[in-house]
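As structure tokens, the structure follows; a few thoughts come after it.
Per-chain numbering from 1; labels A, B and C assigned in written order.
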Amino acid sequence: MPKFSPLRIISWMALLVAALGIVAQPAMAADAKKPRVVVAVFTKDTARQDLLMRNLQNLHKDRPQATIEVVAFGPGLSLMTRKVDGSDNSMSKSVAALSEAGVKFLACGHTMRAMKISKDDLLPNVGVVPSGIVHVVDRQQEGWAYFAP
Amino acid sequence: MPKFSPLRIISWMALLVAALGIVAQPAMAADAKKPRVVVAVFTKDTARQDLLMRNLQNLHKDRPQATIEVVAFGPGLSLMTRKVDGSDNSMSKSVAALSEAGVKFLACGHTMRAMKISKDDLLPNVGVVPSGIVHVVDRQQEGWAYFAP
Amino acid sequence: MPKFSPLRIISWMALLVAALGIVAQPAMAADAKKPRVVVAVFTKDTARQDLLMRNLQNLHKDRPQATIEVVAFGPGLSLMTRKVDGSDNSMSKSVAALSEAGVKFLACGHTMRAMKISKDDLLPNVGVVPSGIVHVVDRQQEGWAYFAP
């Protein structure tokens, strides 16, 4: 039998692929310690937004390696605008602090068009996704958790 | 060595199975472009139901190949009944339009029994699931995303 | 060729691993009949808490083998305390009944500290998790469904 018979090469390839399959599972389990979560906010109610922000602060403190994205829809966009009903946004400091800690704040582009909110109306560090619902659904289909206080 | 030794057959089988494993992963990634989402509605509040419907219209427009199911619970059933507090349901046109576009609207059977709502009380094209919560949980366990404005 | 050549051993190992991969998939599908769901409650509104409890009763009746955990955040903790605004908690009987049926009720430790609620203030059988959001996110990353009426 020659040293590099097709049979031997095939067997080694099969073993390699099988081994990769085994290695991939502990890798996924390890990811559980690096959780990824997409958070949706639908309400202008500041008590509810406050509950959300305290939860995010706790999550970031307890799981500093977590990947967190917050997506605002409809009235929930008030969490991320500079002005709310003509006054400065009372949540701006906590949004800034969490942004600096790595949390991504994202406004729904469809909502911005519907409510005539421009990029300049948003707090600094707030990003835009073309469609909030598409983003939230895609993230979950990629394996992210969902949270919506 | 004979042409079809057990060893050779086993090796080819192992390679085939391993190859199927590799092929299956891009197939799952491709599914991300055909997202599946189960949407829950719990409220009679029409502003909130309106936010939901606009989100579904956006999702359908941006991801025409998405599979979308909306499940109504308790007071949320008002999204799917012909009459709401004695008047015609103001959401009926948008429910009909999304139904025709392939979105499934499903009423929770437990809620219908509790609120004495019959199949005839529901808008045309609205289906019934025996238990809304079982449906929503099962769908997620099958890999669907969850959304609940 | 010797009876236990490295090539033969490798081939058998590869086949075994590949076979395990095939066997693992039906095992996961079978789990779909034993659904696991983490339920989040954020509101003090008793109509909404009542809707939640009826849904949990239905889920337990229709899927007795389901694993169910309910996590209370912020004002939602009123579902799980002995007293609510000085009066006995009207939900205590249904919480007790579902607890005895195996549903786990869990209070967010961060909320308890913030609201100065002690373990003794909670209904019997209510447990505590250090962080509600970490628990809800971790459960989903482990494959549990999410539900939040």
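What we mean here is this: a contact is a pair of C-beta atoms (placed from the backbone, for glycine too) under 8 Å apart; a residue touches a chain by one contact, two chains touch by 3 or more.
If you want to know which protein each chain is, UniProt gives these names: A, B, C = DsrE family protein.
As the structure is a prediction and not an experimental result, all values here were calculated from the model.
Hey, what angle do you get rotating chain B (DsrE family protein) onto chain C (DsrE family protein) on C-alpha, to the nearest 5 degrees?
120
Give a one-word verdict, same or different, on whether chain A (DsrE family protein) and chain C (DsrE family protein) use largely identical residue numbers at their interface, taking over half shared as same.
Interface between chain A (DsrE family protein) and chain C (DsrE family protein) is built from largely different residues.
In angstrom, rounded to a whole number, how far apart do the mean CA points of chain A (DsrE family protein) and chain C (DsrE family protein) lie?
22
Return the residues of chain A (DsrE family protein) touching two or more other chains; collapse runs of consecutive numbers into ranges.
In chain A (DsrE family protein), residues 1, 7, 11, 14, 17-18, 21, 146, 148 touch at least two other chains, as defined above.
Inside the complex, what are the residues of chain C (DsrE family protein) that reach chain A (DsrE family protein)?
1, 7, 10-11, 13-14, 17-18, 21, 40, 42, 73-75, 110, 114, 130-134, 136-138, 140-142, 146, 148
Touching residues of chain B (DsrE family protein) toward chain A (DsrE family protein) in the complex: what are they?
1, 7-8, 11-12, 14-15, 18-19, 21-22, 31-32, 35-37, 47-48, 51, 54-56, 58-59, 62-63, 66, 143, 145-149
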